[in-house]
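So, here come the structures, one by one.
You will see two complexes here that share chain A, one where it goes with chain B and one where it goes with chain C.
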Partner chain A sequence: MIEVKDLRKHFSSGILKKHSTKAVDGISFLMERGETLGLVGESGCGKTTIGRLLLRLLEPTSGKVIFDGIDLQQLKKAELRRLRPRMQMIFQDPDASLNPRMTIADSIAEPLKLWRKMGKSELKERVSELLEMVGLNPEHLNRYPYQLSGGQNQRVVFARVLALNPDFIVADEPTSSLDVSVQAQILNMMQELKKEFNLTVLFISHDLEVVRHISDRIAVMYRGKIVEMGNTKDVLGYGKHPYTNALVSPVVIEEDALLQGDMKPVNAFGCVFYPRCPFAAESCSKREPEMVEVEKGHWVLCDKI
Partner chain B sequence: MYAEYIIKRFFYSFLAFFISISITFSILHLMPGDYIHYLAPYLAEVNPEASELFRHQFGLDKPIIEQYFIYIYNVFHGNWGYSFQYRVPVLKIISEKLYWTLIILLPSTFLSIVIGIFMGAHFGWRSGTKKDLSVLNVMIFIRAIPSYWWAIMLILVFGFYFNLFPLGGFISISALELGINYLDVLHHAILPIFTLTLCSIPGIYYLMRNSMLLTVGEDYIITARAKGLEERNVLRKHALKNAMLPMITMITLECAHMITGSIFIETIFSWPGLGLLTFNAILARDLFLLQGIFLICTLIIIIANFIADLSYLYIDPRIKVGESA
Partner chain C sequence: MSLLKLTHLKVHFPTQDGIVKAVNTIDLDIEENGKVGLIGETGCGKTVLGLSIMRLLQPDTRIKGENVYKGRDLLKLSEEEMRKIRGKEIAMILQNPTTSLNPVLKVGDQIAEAIRLHQGLDKRAAKEKVVEMLAAVKIPSPEKRANEYPHEFSGGMRERVMIAMALACNPTLIIADEPTTGLDITIKMQIVRLMKEVTKQRSMLFITHDLDAAAEICDNIAVMYAGELVEYAKTEAIFKNPRHPYTQGFLNSLPNRGLKPIRGMSPSLIGIPNGCRFYPRCDHAEAACKIQHPEMVELGNGHFVRCLQYDRS
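Right after this comes the complex of A and B.
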């Protein structure tokens, strides 16, 4: 369904001395139809950038994204636009992803008006139907986003996304701004809808519990690279990469101790995790590690395995 | 539903008006010197009786508290006093000058709002490009130099060297024989209008660009793109409407300044509007006229603010109050 090949995105800044940040640095993976891939990692590791690159809301520096056999990089503007309804995005802050000056009904109806030719009454019916699907009442139709709670707004966002019958959804921390009880509701709803519509989901989060709950597979990211990828229980239960282990480690103090060390100096040739790795050896700073398949479908980016 | 909000706003506006006229009154009465000194500096020494008579006639010899209450009473009864200089009621002279002020400020306010908003929206939408940065720097340059310098330079270049426009005034001397010719007035008005427009574009442009920058980063704009909305529709339907919200106050205040006039520009161009009137009234210590001018400025700005508050009710759904949830 989705194939990502050696995707890179570098941001450059500075006037006199060009400084380049490698937000996404050579990432490849495959996603099957109907699968949920959880993408975890600390903030700033490039998770959000991947999400946007996959939908080509950002132009990659190099690499390919192949969506259902179509190379997104080859598409012209108009062609890409026609493909848009099939891939959608959900953001962290539901209040910010709804236009504050549009009613709920208008927000949900906009994509329908744009892509499906519908009469007024049909449109109205479809909007109510979608609203019901995400567990809201028709009485919410003429409200504005500020009149609803965060959880309700996130439901509206889902309704808007589902309006287009997409195949692929990038959910960028969709529950992080909600409180725990609402989180569970939204996650359960998401799983139901996923089954019903056979959605392929890239679920981006830093919350391991949430990811464990919802993902079939997990990819762990560190500084623009995927350091470990595999089935949820393999990665979270039997993680091989030292960074993954630090993330899942139940002992908070140990985690802190493990993740100490400077973020800055990364040898251009070495492993990205070298400065903070407790098992680092001399050789790690000289040679870039390669992805190793430790068991079937479980990949680790480390030379020490 | 909105009655409570409107009454509240109205009450605050009234309070602000009352406080500001009180402040104006005290400051003006603390000002040293008076009209009789300006008119005949040595009169008070040579003939103290005349000076006393003058002060008595205008009630200036009464205790200041009493004067204050008389003033407040009169203001609310439509009596804003008499001008010493012009010997006519203050309101009459203000309304006369207002006409001339509007001739230059109406077009310049309109132009600067339209141009400023258009440029701000355009470059805020495409921020970070070379064009955007150069325009930004030009705007900072325009803004950094005071309006009176621009006025003098424009007169020097276009009035003096190129001889395209008159050096000042509002009408040619020939009007004495031929009567007022409106093309002639326009010819005199072009330079002041241009200066005023030039100097107020940057402020509006900054605010609009900034507001646009904030809006462009919002998730609903990215969502709109992800939905497959065309770029110009993303701009028109989602970005522009939201970015315009903070502009409302700015626009109403700009419109209010239209009436208060521009002291610098009118003085430099000898344009007979409210600005020049203020300048002359200060020189002559024309107390009641100054009070009247400040009063009208206060009133207009407070009314403009009141209108801005009310218009938000209609434009921004978030401000709607008291709706049953």
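Right after this comes the complex of A and C.
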């Protein structure tokens, strides 16, 4: 369904554009139809950038994204626009994703008005149907986003996204601004909708427990690179990369296993995780590690494996 | 011995839409050297409770009840007397260090402010103390970092600055309002460790919705729902044997405990109905729950719960 080939995105900054931040640094992966891939990592590791690149909301520095056999980079603007209904994005903050001056009904009807030629009554019917699908009542139709809670607004966002029957959804931390009891409601709803519509989902999150619940496969990111990837139970149960293990460790971690420092920039050579790695050897700072397949479908970026 | 004792504390805000009953009849004891975790979801009144202890709410807020710290009712003190306690005796770590730090002042000067006010140190002595505090919260090269601005610090480092600021005058009680929210997991664990270390000889009210962090730090946990406490017990008891349906639901909705949601939503704090506040969302609700408001009852061993199931009076 989705094929990503050596994708890179470097942001340059400074007056002379001398500083370059490698937000996404040579990433490749495949996604099957109907699968949920969890993308985890700390803030600033490039998760969101990948999500945006996949939908071509950002232009990559190099590399390719192939969506259902179509190379997104080759498309002209109009062609890309025609493809948009099939790929959608859900953002972190539901309150900021909805137009505060539009009623819930208008918000959900907007994509339908743009893409589907529908009569008034048909439109109304479809909006009600979508609303019911995400567990809201008809009484919510004429309300405004500020009159709903964060969880309810996120449901409205889901209704909007599902309106055009998409194939692929990028969900960027859809529950991180919600309370746990509401988060559970939204995640369960998402699971059901995913099954019902056979959606392919890239689920971006920093919460491993959430990702464990919702994903078929997991990719762990650190400083623009995927450091480990595989089936959920392999990665979280039998993680090989030291960074994955630091994330997975239960609450009471041994002092040595507790990561020191934060994601500071590193020298241009060597492993990205080297400065914080408890198992780092001299050689790690000199040679860039390569992805190794340790078991079928389980890849790790570490020289020590 | 009890260090801070809240008795029937009520905090109400008059608003255009009616009175918001943010905190309703809360009784809570913080022992000397005790760490109490205050847990609840957005809008349940946790932060307001913390701010009311510090008397940092707007003047038109209606606060009733008693708030006795070391034998003195803080609610009866004059503003001047209260100022001597704030920061010196009781310090608060505010939510969200990004907005709580002044962006145009050097970090060192912000920490020095409280030190100079409360301890009467001169500029140079205060500066030394600042460096000492930054080192205590494990910020590398503290002399250099003291002269930097908040934007030069990462989220975790800013949180450390907030902690240093709270510790600066060696307070007896710390009120920490969601110090780990918004931090990445590896950084969060570092902060939790640090909080644990620096509060060894102090008391703390740890306000959070992060159960893992609370479990790591606190001896007792108070669970708050819609402005009142619904359960209070030793940390272990809350996790192993939660008795209130809300506490049970809250724990079960965590991703690592099955992700089973509580149906419905938290009620608005305006015009709260008479009966049990959790009644509309509760799976064990009976007819009586709608009418009768349950009282806190002790089940033994310091385990209190507010639910008619256990209230046999």
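Just so it is clear, the second predicted complex is superposed on the first by the 290 of 305 C-alpha atoms of A that agree within 3 Å, B and C clash if a C-alpha of one lies under 4 Å from a C-alpha of the other, contacts with A are read in each partner's own complex, and residues count from 1 in each chain.
Methods note: contacts are C-beta pairs under 8 Å (C-beta built on N, C-alpha and C of every residue); 3 or more make two chains touch, one makes a residue touch a chain.
Keep in mind that what you see is a predicted model, and the values were worked out from it rather than measured.
Peer 1: Would you mind checking whether chain B and chain C clash or fit side by side on chain A after the superposition?
Peer 2: They fit side by side.
Peer 1: For the combined three-chain view, what is the angle at the C-alpha centre of chain A formed with the C-alpha centres of chain B and chain C, to the nearest 10°?
Peer 2: In the superposed arrangement it comes to 70 degrees.
Peer 1: So, A:A246: does it touch chain B (first), chain C (second), both, or neither?
Peer 2: Once the two structures are laid over each other on A, A:A246 reaches chain C alone.
Peer 1: Is A:N188 touching anything from chain B or chain C once the two structures are fitted on A? First, second, both or neither.
Peer 2: Second partner only, chain C.
Peer 1: Between chain B (first) and chain C (second), which does A:S43 come into contact with in this model arrangement: first, second, both, or neither?
Peer 2: In the superposition, A:S43 touches chain C alone.
Peer 1: Applying the touch criterion given at the start, work out whether A:A281 contacts chain B, chain C, both or neither, answering first, second, both or neither.
Peer 2: neither
Peer 1: So in the superposed three-chain picture, is A:E110 touching just chain B, just chain C, both, or none of them (first/second/both/neither)?
Peer 2: It touches chain B, and chain C stays clear.
Peer 1: Thinking of the overlay built on chain A, is A:V180 touched by chain B (first), by chain C (second), by both, or by neither?
Peer 2: second
Peer 1: Just to confirm the geometry: in the superposition, how small does the C-alpha gap between chain B and chain C get, in angstrom?
Peer 2: Between chain B and chain C, the shortest C-alpha distance works out to 7 Å.
Peer 1: Overlap of the chain B and chain C footprints on chain A, residue-wise?
Peer 2: Touching chain B and chain C on chain A: no residues.
Peer 1: Please name which positions on chain A make contact with chain B in the complex.
Peer 2: Against chain B, chain A makes touches at 52, 55, 57, 81-85, 87-89, 91-93, 96-101, 103, 110-111, 114-115, 144, 146-147, 160, 164.
Peer 1: Which of the residues in chain C end up touching chain A in this complex?
Peer 2: Within the complex, chain C contacts chain A at residues 41-42, 154-157, 184-187, 189-190, 193, 209, 212, 215-216, 249-250, 253-256, 259-263, 265-266.
Peer 1: Contact residues on chain A for chain C in the complex?
Peer 2: Residue positions touching the partner: 42-43, 149-152, 179-185, 187-188, 206-210, 212-213, 246-247, 251-253, 258-260, 262.
Peer 1: Looking at the complex, which residues from chain B come into contact with chain A?
Peer 2: Touch residues, chain B against chain A: 218-220, 222-230, 237-238, 241-242, 316-318, 323, 325.
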